[in-house]
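As structure tokens, here come the structures.
You will see two complexes here that share chain A, one where it goes with chain B and one where it goes with chain C.
Moving on, here comes the complex of A and B:
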């Protein structure tokens, strides 16, 4: 089974990487950009009996390792 | 308009960050993980007249700055 975990900084947390990319895009002539935020997308292949079991396990991975709950939010999507 | 750009290393390109996370998950007791790949998810807010225009502009951003075409693939999704 395949899981997609998207991890992003919470609203209000400064995103210097996003700011740098925003600035670089403006310097390249892209004037219509209003905001850029950069996060991680983690693809996990795992063995699981069901979607529910996979989701539970991947959420535990996110809580324990993949995301920092103080400054980051995450979403989990399971593909079969 | 909002655009989501997902950037991942191409198949066959070594992903040491993914390997490290895979190893860390195993050490935490997650034994069902078969593979981990880590990419970037870039969220862009931009002004555009249409979805087509936004998609064209964001693809150009990806080609010129956001992705390295030698080792990375990307996908673009436009949300209204």
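Moving on, here comes the complex of A and C:
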């Protein structure tokens, strides 16, 4: 099974990279951009009997290592 | 005084920091990240780029075998000092509260910077005066300290905020966007210390300054 983990800085935590890209987009003429946040995507291939089991395990990975709960949120998506 | 200097793959300030502690009279031994921790008076996590800073600074180092031992050592009251990447590792290990993010400017900043001593009621800064202004080099890309407001208040109340970035007159000057311009903190029990500046690089006036000496000397008291 494949898991996609998306990690982003929490709302309220300043994202300087997102801000810099926002300015760059404005300079390119994209005037409609209201906010840009940059995160990371982690792709995991794993063995699991069911989607539920895979999700549980990947969430544990995210809690323990992939995201820092002090500053980051994450989402997990499982693809079969 | 016996100092254990922890070395991870990617640590690069271990030799300078060993030299600095020896200069003030300590016996220093390197501890490789897979080694057991011997009996030390102080364990130092020096600066560098442990495990290439992959994922987040300090995130992988946190799970190395030696950090399990450092954790137990600290929980028993053992003294730990984390400098720069060592500070980031202590945050990721939850031995210190908060987390680091990229500098607001996105630049790697490497220069001498003034610091104000906010609290000296701890061993690390016991040789410094409260309000004293020190000049110590900084060298980091992720020194933008973040912590939630409740924890921050608690840290002020407990005297855990140790150092803040300032200009030569002591006015707040924030190089990296850190909350309240914080440069160094300690835990509630005051045996675990972390700071982004490098005291080991301010040990000799011919190298730009020697304010680092009294910081390291605090541990001898």
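Just so we're on the same page, the second predicted complex is superposed on the first by the 80 of 80 C-alpha atoms of A that agree within 3 Å, B and C clash if a C-alpha of one lies under 4 Å from a C-alpha of the other, contacts with A are read in each partner's own complex, and residues count from 1 in each chain.
To be clear about the criterion, contacts are C-beta pairs under 8 Å (C-beta built on N, C-alpha and C of every residue); 3 or more make two chains touch, one makes a residue touch a chain.
If you're wondering where the values come from, they're calculated on a predicted model, not measured in any experiment.
In the superposed model, A:65 makes contact with both chain B and chain C. Of the two partner chains, neither chain B nor chain C is touched by A:76.
Of the two partner chains placed around the shared chain by superposition, chain B is the only one that A:45 touches, whereas chain C remains out of contact. Taking chain A as the reference, the larger set of touched residues comes from B, when chain B and chain C are compared. Look at A:57: by the touch rule set out above, it reaches chain B but stays clear of chain C.
Touch criterion met: A:9 reaches chain C, while chain B stays clear of it.
Across the superposed pair, chain B and chain C both touch chain A at residues 65-66.
Across the complex, chain A is touched by residues 55-56, 59, 63, 91-92, 98-99, 101-106, 144, 146-148, 177 of chain C. Listed in rising order, the residues of chain B touching chain A in the complex are 6, 8, 18, 21, 24-25, 28, 30, 32-48, 57, 60-61, 64-66. Contacts from chain A toward chain C in the complex involve residues 9, 13-14, 16-17, 20, 65-66, 68, 70-71.
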